[in-house]
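Below, subunit A partners subunit B and then partners subunit C, in two separate complexes.
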Partner chain A sequence: MHIMEGFLPPLHAAAWTAVSLPFVVTGARRVVRIVKQHPHAKLLLAACGAFTFVLSALKLPSVTGSCSHPTGAGLGAILFGPSVMAVLGCIVLLFQALLLAHGGITTLGANVFSMAIVGPWVAYGVFKLLRSVGGALTVAVFFAATLGDLATYLVTAVQLALAFPDPISGFAGAVVKFAGVFALTQIPLAISEGLLTVIVINLLTQYSRDELDELAFTAEVAG
Partner chain B sequence: MKRINLLLLAAVLVLSAIPLLLPVSDGMSEPFPGADDQGKAAIIASHPDYKPWFTPLWEPPSGEIVNLMFALQGALGAGLLGYYIGLKRGQAQGRRRNDTDASD
Partner chain C sequence: MHLTDQHAWTNRWRRYHPAEKLLLAGGLLLLSITLPPLTTAPVVLLVVWLATVIGAGIPAAALARFIAVPSAFLLTSVPFLVLSVSSSQGIAFSPSGLETALRVVARSLAAISSMAFLTLTTPVIAWTPLLRRLGVPQAIVEIMLLIYRLIFVFAEQAVTASQAQAARLGYDGIRRSLHSLGLLVASLLERSLARMRRLEIGLAARNFDGELRVLQPTYALSLWRLALIGSTLLAVAAVSLLGNQLLAKAMT
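Now for the complex of A and B:
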């Protein structure tokens, strides 16, 4: 899902940065509030960031014959709400842009939008929806993380198609082309991310009841 | 719970291993390229006139250094996540032990 440095025209780069910035600022405020109100949940918040660090470092092979990586953004979105992930995702993307030349500073806004905003909001929405219709916790977590991950890669495809519409088939053709590169590759990886997120949630419901209680997450689980 | 988690982990391993065992990247110039690089290549193919207007501030000088940075990223994440879960498991065990001591 990384759009490489310099690979969005300046206008697009600026526009995505402008769109993402308020989410990151709101997310940062929420992180500060969570740390103040729930000091015990601080380490869990860091663990959610850590999950994103690991998962986005895992370049996995896919059935399309290419490699991509999960994002790990669903876990934090489910536990702390989606806005928190705008900050955590931004940190991961900055690390990769500065130390790995992976992604970029000019494309940071666009990459934050796909990975740290849309992915987490989709994950959160799917989770809430499935829980509200009585879906089991692990099922809701699985679909939330999987679909959030896929959404991220679809957004990347749309972002690139907007900037680089196909000379013949236009925007729609370019969406199909870029989705073929990103979203198709991502399907088995998104499933892996869903499974890994369920593993972590299983461990948390077993060992971190107190923190989950404090975040009113177990009320969610029971309800 | 432990058994379910091990099964889920095994499923992830199988999902990741299947592409390696299938001839999915036959006919590609290089097997298993990164999707991000493919995306970049697709842009260059359809818009050969596009000139990237910004280059990375710093680039790892070799593939080895890239590996170093990715390993570092994974290690930082896995280290912290493992610390957290280990700590919580220990605390839960300690609490259980205290409860049984108190009831003796």
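Now for the complex of A and C:
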């Protein structure tokens, strides 16, 4: 759910950048520390970042017939950990803005906050919570990806509502308006992404144990 | 994406210092979002067209194509700004919403086209090293460069794999589509990591110790061009502010 280049007023764009910056800086510090200890992690992280970019460019089928792109926030948070996702997400969003005109430089802060910070953290939190109360892996993965997606959309709706309050009903009306539109289109998409993430994790646990162990290593180092 | 990148590598301005192009694009972007959009947008679009098509020699169709996709998204967002929702009146048309929408579309178009100029004239690799000057750590810059390179490799794999799946009716119906997409994503991740491991072995054989040393082409900053860019930006600001005053006068 990218907010387009120049869509937000300058003040909002600056404010969201300021909100996102500490998360990205903390993540970047962590990445620098990991890379210093394990030089090869640089390649692993780059592969993860490029994978996230390509994943977000794939078309996701949805029940309503509309097509959209998976955010990859849930899968990324489960595989790579949320703090690393903030950095990788930031780089991926930057490249999407520059190479595909998807999102933007001025709205990078807002997009990073919804897609690379809130989405992954919600997904990660849900995943850990469900796993700790003894939820099955597939159930935890499904809810992590779906709720991570929905959290992303909700944050985007709030960001848009703050920037463009309804002339009659104000901020609350605008939230209802934007979230309502998203609810129609995005709930089926979020469920699709949840199902997709379950399929992917199932396949990976069946056929790619070694790769998962390797990633678990980075996720552990990264927290 | 490939075509855009091709223009970035082959246009007439490819040998100019990336900082110069960054200054022009960044300056236009800043002006687009801070100055009154209705008068700024036409001037910015004109400057972008002059720089990209006349200056750098990129086909106008390529510029139009790059701007077209986000513009379509932009138009779909207009109804949400124009229509107003409230509990007492239901859904209603609001004139002030129309004005907001007009401003937002103008601002967004100008901003998108400023970045289109940068994307079409400057490869990502040319300006990423400049991030070092802004205090971005070396490791992050290197990861960015690697990601940029790998995106094209992985994208090609994804396209080939999904074509193969589609040829076997893998995207027939929602259930099968989801399953095929899951297979695609899982194999993409596995292949990405396998590729990364081969890269690792290759680099280890070349005594990789954590730093990727690559030859950077050297660019020369031209004072003349910098002055030209500076005066262009000033001219854009002046014209748009003047135009805005005239517009305000005409309205009253």
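One rule holds for everything that comes next: the second predicted complex is superposed on the first by the 172 of 223 C-alpha atoms of A that agree within 3 Å, B and C clash if a C-alpha of one lies under 4 Å from a C-alpha of the other, contacts with A are read in each partner's own complex, and residues count from 1 in each chain.
Criterion: a residue touches a chain if its C-beta (ideal position, glycine included) is under 8 Å from a C-beta of that chain, and two chains touch if they have at least 3 such contacts.
In this text the structure is predicted, and so the values were computed from the model without any measurement.
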| item | value |
| --- | --- |
| Touched partner set for A:Lys42, first subunit B, second subunit C, both or neither | second |
| Which superposed partner A:Leu99 touches (first subunit B, second subunit C, both, neither) | both |
| Subunit B versus subunit C as contact partner of A:Pro167, first or second or both or neither | both |
| Touching partner for A:Ala28 - first (subunit B), second (subunit C), both, neither | second |
| Partner chain in contact with A:Thr156 - subunit B first, subunit C second, else both or neither | first |
| Subunit B versus subunit C as contact partner of A:Phe182, first or second or both or neither | first |
| Touching partner for A:Ser192 - first (subunit B), second (subunit C), both, neither | both |
| Subunit B versus subunit C as contact partner of A:Val87, first or second or both or neither | second |
| Subunit A positions touched by subunit B in one structure and by subunit C in the second | 4-7, 9-10, 43-44, 46-47, 49-51, 53-55, 57-58, 60-63, 92, 95, 97-102, 104-106, 160, 164, 166-167, 177-178, 181, 192, 195-196, 198-200, 202-204, 207-208 |
| Complex contact set, residues of subunit A against subunit C | 4-7, 9-10, 13, 28, 31-32, 35-36, 39-40, 42-51, 53-55, 57-58, 60-63, 75, 79, 87-88, 91-92, 95, 97-102, 104-106, 160, 164, 166-169, 173, 176-178, 180-181, 192, 195-196, 198-200, 202-204, 207-208, 211, 214-215 |
| Residues of subunit C touching subunit A in the complex | 1, 4-5, 29, 32-34, 66-67, 69-70, 73-74, 77, 80-81, 83-87, 89, 92, 94, 96-97, 100, 104, 107-112, 115-116, 118-119, 124, 136-137, 139-140, 142-144, 146-151, 153-155, 158, 162, 171, 174, 177-179, 181-186, 188-190, 192-193, 195-196, 199-200, 203, 208-210 |
| Subunit A partner contacts - residues on subunit B that touch it in the complex | 1, 4-5, 8-9, 11-12, 15-16, 18-20, 22, 24-26, 28, 31-40, 42-43, 46-47, 50, 52-60, 66, 69-74, 76-81, 84-85, 87-89, 91-92 |
| Complex interface listing, subunit A residues touching subunit B | 1-7, 9-10, 43-44, 46-47, 49-68, 92, 95-106, 156, 160, 164, 166-167, 174, 177-178, 181-182, 185-186, 188, 191-192, 195-196, 198-200, 202-204, 206-208 |
